[in-house]
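Let me give you the structure first, and then I'll get to my questions.
By written order: A, B, C, D, E and F. Residues from 1 in each chain.
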Amino acid sequence: MNVCIDEPRGQAPTAAPATVAGRAGGATRHALRVAVAVAALAFGAAHAQEAVAVLETAAEAAPAVEQVVDKGDVAWMLTSTLLVLLMTVPGLALFYGGLVRSKNVLSVLMQVLAVFSMIVLLWVAYGYSLAFAGGGAFIGTFDKLFLAGVSKDSLAATFTAGVSLPEYVFVAFQSTFAGITGALIVGAFAERIKFRAVLLFSALWFTFAYLPIAHMVWYAPDGWLFAKGAIDFAGGTVVHINAGVAALVGAYLVGKRVGYGREAIKPHNVTFTMIGASLLWVGWFGFNAGSNLEATSGAALAFLNTLLATAAAALAWSLVEAVIKGKPSMLGGASGVVAGLVAITPACGTVGPLGAIAIGAIAGVLCVWGVTGLKRLLRVDDSLDVFGVHGLGGIVGALLTGVFTAPALGGFGAEDFSIAKQVGVQALGVGVTIVWSGVVSLLAFAIVKAVVGLRVPEEAEREGLDITSHGEAAYEN
Amino acid sequence: MKLITAIIRPFKLDEVREALSEVGVSGITVTEVKGFGRQKGHTELYRGAEYVVDFLPKLKLECAVPDALLEAALEAIQLAARTDKVGDGKIFVQALDQAIRIRTGELDEDAL
Amino acid sequence: MNVCIDEPRGQAPTAAPATVAGRAGGATRHALRVAVAVAALAFGAAHAQEAVAVLETAAEAAPAVEQVVDKGDVAWMLTSTLLVLLMTVPGLALFYGGLVRSKNVLSVLMQVLAVFSMIVLLWVAYGYSLAFAGGGAFIGTFDKLFLAGVSKDSLAATFTAGVSLPEYVFVAFQSTFAGITGALIVGAFAERIKFRAVLLFSALWFTFAYLPIAHMVWYAPDGWLFAKGAIDFAGGTVVHINAGVAALVGAYLVGKRVGYGREAIKPHNVTFTMIGASLLWVGWFGFNAGSNLEATSGAALAFLNTLLATAAAALAWSLVEAVIKGKPSMLGGASGVVAGLVAITPACGTVGPLGAIAIGAIAGVLCVWGVTGLKRLLRVDDSLDVFGVHGLGGIVGALLTGVFTAPALGGFGAEDFSIAKQVGVQALGVGVTIVWSGVVSLLAFAIVKAVVGLRVPEEAEREGLDITSHGEAAYEN
Amino acid sequence: MNVCIDEPRGQAPTAAPATVAGRAGGATRHALRVAVAVAALAFGAAHAQEAVAVLETAAEAAPAVEQVVDKGDVAWMLTSTLLVLLMTVPGLALFYGGLVRSKNVLSVLMQVLAVFSMIVLLWVAYGYSLAFAGGGAFIGTFDKLFLAGVSKDSLAATFTAGVSLPEYVFVAFQSTFAGITGALIVGAFAERIKFRAVLLFSALWFTFAYLPIAHMVWYAPDGWLFAKGAIDFAGGTVVHINAGVAALVGAYLVGKRVGYGREAIKPHNVTFTMIGASLLWVGWFGFNAGSNLEATSGAALAFLNTLLATAAAALAWSLVEAVIKGKPSMLGGASGVVAGLVAITPACGTVGPLGAIAIGAIAGVLCVWGVTGLKRLLRVDDSLDVFGVHGLGGIVGALLTGVFTAPALGGFGAEDFSIAKQVGVQALGVGVTIVWSGVVSLLAFAIVKAVVGLRVPEEAEREGLDITSHGEAAYEN
Amino acid sequence: MKLITAIIRPFKLDEVREALSEVGVSGITVTEVKGFGRQKGHTELYRGAEYVVDFLPKLKLECAVPDALLEAALEAIQLAARTDKVGDGKIFVQALDQAIRIRTGELDEDAL
Amino acid sequence: MKLITAIIRPFKLDEVREALSEVGVSGITVTEVKGFGRQKGHTELYRGAEYVVDFLPKLKLECAVPDALLEAALEAIQLAARTDKVGDGKIFVQALDQAIRIRTGELDEDAL
């Protein structure tokens, strides 16, 4: 959802009303900034002067380009939005649910469902406003609390001047991004955390980590990372690194599962995990190609890249397992799918198909290490390897985006694209996200611990959360 | 009466059942079990977690037989269940004090 | 699929060709009515004079507005149609299948598949014609039997004058609505009914309950409830109350399951139920936002409302369980999802996002009562709570649509919208549907009982329908 | 993806630039042929002179019609592409996975995932080029190796002159067709083949069977079967017969499973199989209606036909079982779904809805024989009946396409359509595919046997491929 | 002490358990088993493959009882498990040499 | 020879198996069972239907041991399986008349 580099970079966007928004200074600028709030989200962190102004019908803003809403875009974006829901429930829920023991599967499904539902509601309450309704470098405003001012007639900008979407589409699309990000985290402390702790943590983290990072990365032209020029087409930093770090912190603070390292803790249903991974793949096209905001060849590029990187990562992961362990596992293939999807997320709009294959393959290989060597180094029980896959895969993807966007490597960067410089910018984005999410997570968990406690009693953990926290059992003959 | 308990390889069930039928054993009760013994298990790997699985799937057959049938039954099982590889399993024989057919209340050998 | 209230109500639709259709009297009117048959379904029960004429290319009808078919609309409606299939198989099938005992799961899946398939075929045989090809207040005509006259060139109207869809799209979209409605009912008498009884009942009920109600509610301008001004955007009465009542009658007449109330009858796979609920959610966007017939901001509103109401209902159901029972269950969350979806169905096109949240939350709370207190009151073994969720949720949604459509409550009703009046109209629609569906169901079950009998023998029920009715077992190690 | 018979056949396509491509002779023709490479795939095997030229923006080709890319088409085609992925993983994987024993389920899922992933990568490496980048009657060229020359600006033609798609869309869409075709085959030798053998065979077969057949059938105007006038709208020959024959050969060569015919070899989870069949149905709309390449009434026709044929086939299969065996099984219903989908695939764009119902019903009935009588005749252990359903269903569908396309039977053939003649052409296509795929499969398996061997040791087969080939177990309590 | 093993129909579990509780049996261990006997099985058909399934789902109850309780327990099971149709199952009685309660180390009748 | 049957908590399996190995027991057969006893169950709620579940998941271990090993084995199990909370389970000991190793036909103590 990001970077507008279809046009040669640096070129003066003379015709685009964005120029007005981007360049007008002082008072005017602030007035306009509110008006363009909606547009903001449409951009990643491209150069500010490339920003395209959002034109709300009601906006009192000056001479504006006539805005066109194309039904093909609406069709694609509605489809994309439901695909992101599909990624979460049932996709992510099943991917995670299959990996835990059968006594805890419902607790994981429930956590995913409840966190997603809660965040979607918080999104319309204040999230959308804080992320995208004006504001400065780090956070938005309260101007659109409870969707104030959003109507059937209000519009959100796309990357193309003069092409808009109904704002409702954008609100819905973005709400699912926020929802799935929160849900991703629960894999790290599955099988032992209190249900209430999950909810409270998610609300805090969403408010103080997700919203600011989303604003910094996607709010044009003032978002702090946006202004730096970081490329994050569909949410590698905002979603995956952000969630991966929170997951790591959570796994540390909640502590290891009873029996971890001594008893066999095996996935109870790898078939479910495979269904989940498949639905993540299918749904991710909404996530990635949907982030193009229009049904154009740009979306098709993101689409094709998402297909190829994933295929490459699945095979790469399997190959590593075959070489090292002699046997390529289905769980490995499924994990490779997710690793590839994570890694291509920031890059999918700006790299070429061969670059996508390279990114997928590299991420597939590195994430095998993420769930083995790195995990041992970290000495943490990140139950479902949220950090090893989403965190590490996100970092790999973010950095490689800075590499394969280079035209010399088949990417769609500007002619003067500098790999070194862009990788630096990307690293900055990665670093800021890690620190911000890490600190917020630490504080949030401290609060949660104080207020409701983190873990269930050992006996409840032994018996399983399904029965002890939710009063039900998943399976019965 | 004796109670025969046989631990066998799962895929041998049909053969053993037929062999038992032939010698006149009329009923069997079968349980899925996991066996630990000399037969080597395998290794499973789930991402970073490697587990050596020593427990192998086996079937446990229980059948109550009149004393007269015991030898024939034991032989039938042995012949049918054998593959000559480690892990073929065991047969245990225990005394059976009493047997009742629930439906009719018939007792002991009549109940089998 | 309903109500055209984007435009202020009561205003004379001067430009719309509908005026011609709606106002021409006597002979002309009848002639035209046939011509606009297709258009009819495009409207809910808006005021007759607001109807937009369908313009079939072949129509001999007078000077017509040039009809535009937008590929974005076609893309969205094809997607929506397959989403409704996704809701049914695998969605509904899994939701139901997971809730029965493992010995009956295939029978439930099979009933859903067979009923859906059969109704889709009956739909093209005579259903579409009886529902939408002209006719009076209560039923259509036989003019389009076996899709006579429907071609690649024939068009169906949307809510917007001058915007049409290929009629094939409309036929397919509507066929899935009929199919899922029939399939919904089977949850009530699962685990004990004869397979042939299900099929025969479904055919009868589809013909004598679904088709007339669909015609009454959706056929413009003469459908009886349409003419009264009832709002049912996506099928709360036609689909959910209709099916819910049939389910209740069926549960009574088929009788309780052997062991009901004495033995534990638990869901055999709540994970499947959760996948089913999730796919219902995902697919429901086709149902609800698809009912807008165009990929516009109206569809986006319906979409966002469907997202929010569901999230609110899932959390509300869970909260009630947490408060009353101490433990929020996954099955409760999944049930909340469905309750929210049902309740927002009639309302999704005319209420605002906050109204949607309210409707979802209220439905979530009330449906907990539907499957507990109300169920006890009714003393019926409605196996999978079809009435408690779809029936009750549908009634709650239909009535609340009359409330939250009010502009004062953020809805999109006309300025002179009267809650009291609209709730009255909605209650009329609810009442008529309950009585009609109830009576038809009673008669249909009487016929089925006489012809093929209702229940399997007790021993077969003990052994399970999978083996005794279908000759197979679902699971094997 | 085929046959452009919306327009009366034989009519001179005066306005279409295709004329240029189709009629220009000698040197010019060859030059142009390269330029229209992309367009080629857009056509099935319609008459050459009906071909529409592909206009790549960069093409140096002469005065061209202005090409329009409609966002509605892009939206629909992206959706269609992901639907074909959905068909494969999780759809086909689950359909197959549920049918094997629990000790082999992961091996099947893994084979589907790995084959699909590998072929998608081979597709962009050389597959797309060999299938669609120019060439003669039997194979393409190496001009677009690694997507050389494909860019955000390059276009692919549709059936309509002047309407194009971004070439990336076409590349992605077609890649999923190739991927699922390879994955279909694995059902035949499931539960006993070496994983490496599957991969090697798939790569060979894809290269020497899939690519030539795809080129022959879909490459306009020179593809050998294309030129003959065979109708294969969405891939009955290229995908289903092609894969079915390879499957049959594989089943013979790999040999029967240990215990086949003596021990009970039952599906381990028919619910999974049903989910898989459902997702195949849902996804197949992308396959079939997507093959129209535009979101028009033609897509809607293909869509409706796909819905109806499937419903008819599911009921027909069930009816046959009910009559012959007394019990209609869920597995039968699900198998009927697939049989109907396979059979309607070549026909869906050119037959009418009643023809579709007929084709579905006939295929449903005949495929029951395919998995019983025919299977016994063939004395082969085609584990999951790939030939009995895809092979036979494909042949039935291909031939019946020649029947029900007749206008007299409600089809959309030209006025002078001759059933006899068309059935002859269809039979030719069927025959060529059978022979070609059969020969390539024989050779490929011989190579595989020599290089890596075909089967796992008997003991490994007893223990199950999940543990012995992939080092993991699917289920754990 | 005796060890009673009863094979019963699955849906009879609750009734049998209650009957046993009433006569003072304090603990039961239940196993899902498959039984082969006089009761007829059914036929399953998966596409072309037809299987006759002779093994029927049963439950096996094991309970250790003091000698004094034996007769009452046997009668309780018989009455509760009976449907008078073929397949009601069997009761087997065996001698039990020793019983230990793991938690406390209590022995024999004290352990039950 | 004796047949030891132990009902234990599922998560104690590995510890018990190791303890048995240490004292020289070479084979074990394990069955998943449900136990009913003093240990309290839990309540499950599925929409309106509330069920009290008294049957708890346990594992049943069976191992045939030579008489000489009996005491050591019993002690090993007791120590390893103990948590001192209600529900730790029982150990039962029965006489074993005969044991056969199917593969070799070896008898009795040689067969274990």
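As a convention for this text, contacts are C-beta pairs under 8 Å (C-beta built on N, C-alpha and C of every residue); 3 or more make two chains touch, one makes a residue touch a chain.
All figures in this text were calculated on a predicted structure; none of them were measured in a lab.
The set of chains in contact with chain D as well as chain F comprises A, B, C, E. Of all residue numbers seen at the chain B-chain E contact, under half occur in both copies; the interface is built from largely non-matching residues. Chain B and chain F carry the same sequence, and matching their CA atoms takes a turn of 120 degrees, rounded to a multiple of 5.
The distance from the centre of chain C to the centre of chain F, each centre being the mean of the chain's C-alpha atoms, comes to 55 Å.
Averaged C-alpha coordinates put the centre of chain E at 18 Å from the centre of chain F. Chain C and chain E, compared by their mean Cα positions, are separated by 49 Å. Multi-chain contact residues, meaning those touching two or more other chains, occur in chain F at positions 31-32, 44-46, 53, 94-95. Shared contact sites, meaning residues of chain C that touch two or more other chains, fall at 70-73, 75-76, 79, 264, 266-267, 269, 275, 325, 327, 329, 331, 471-473, 477. Contact between chains, using the touch rule, shows up for A-B, A-C, A-D, A-F, B-D, B-E, B-F, C-D, C-E, C-F, D-E, E-F.
Contacts from chain F toward chain C in the complex involve residues 44-49, 51, 53. Listing the residues of chain C that touch chain F in their complex gives 264-267, 321, 325, 327, 329, 331-332, 335, 371-372, 375-376, 385, 388. On chain A, the positions that touch chain D within their shared complex are 6, 70-73, 75-76, 79, 83, 101-102, 266-271, 274-275, 277-279, 281-282, 285, 289, 294-301, 303-304, 307-308, 310-312, 314-315, 318, 325-331, 333-334, 337, 353-354, 357, 412. Remark: chain F residues 11, 14, 42-46, 53 touch chain A in the complex. Listing the residues of chain B that touch chain F in their complex gives 2, 6-8, 31-38, 54-55, 58, 60, 74, 77-78, 81-95.
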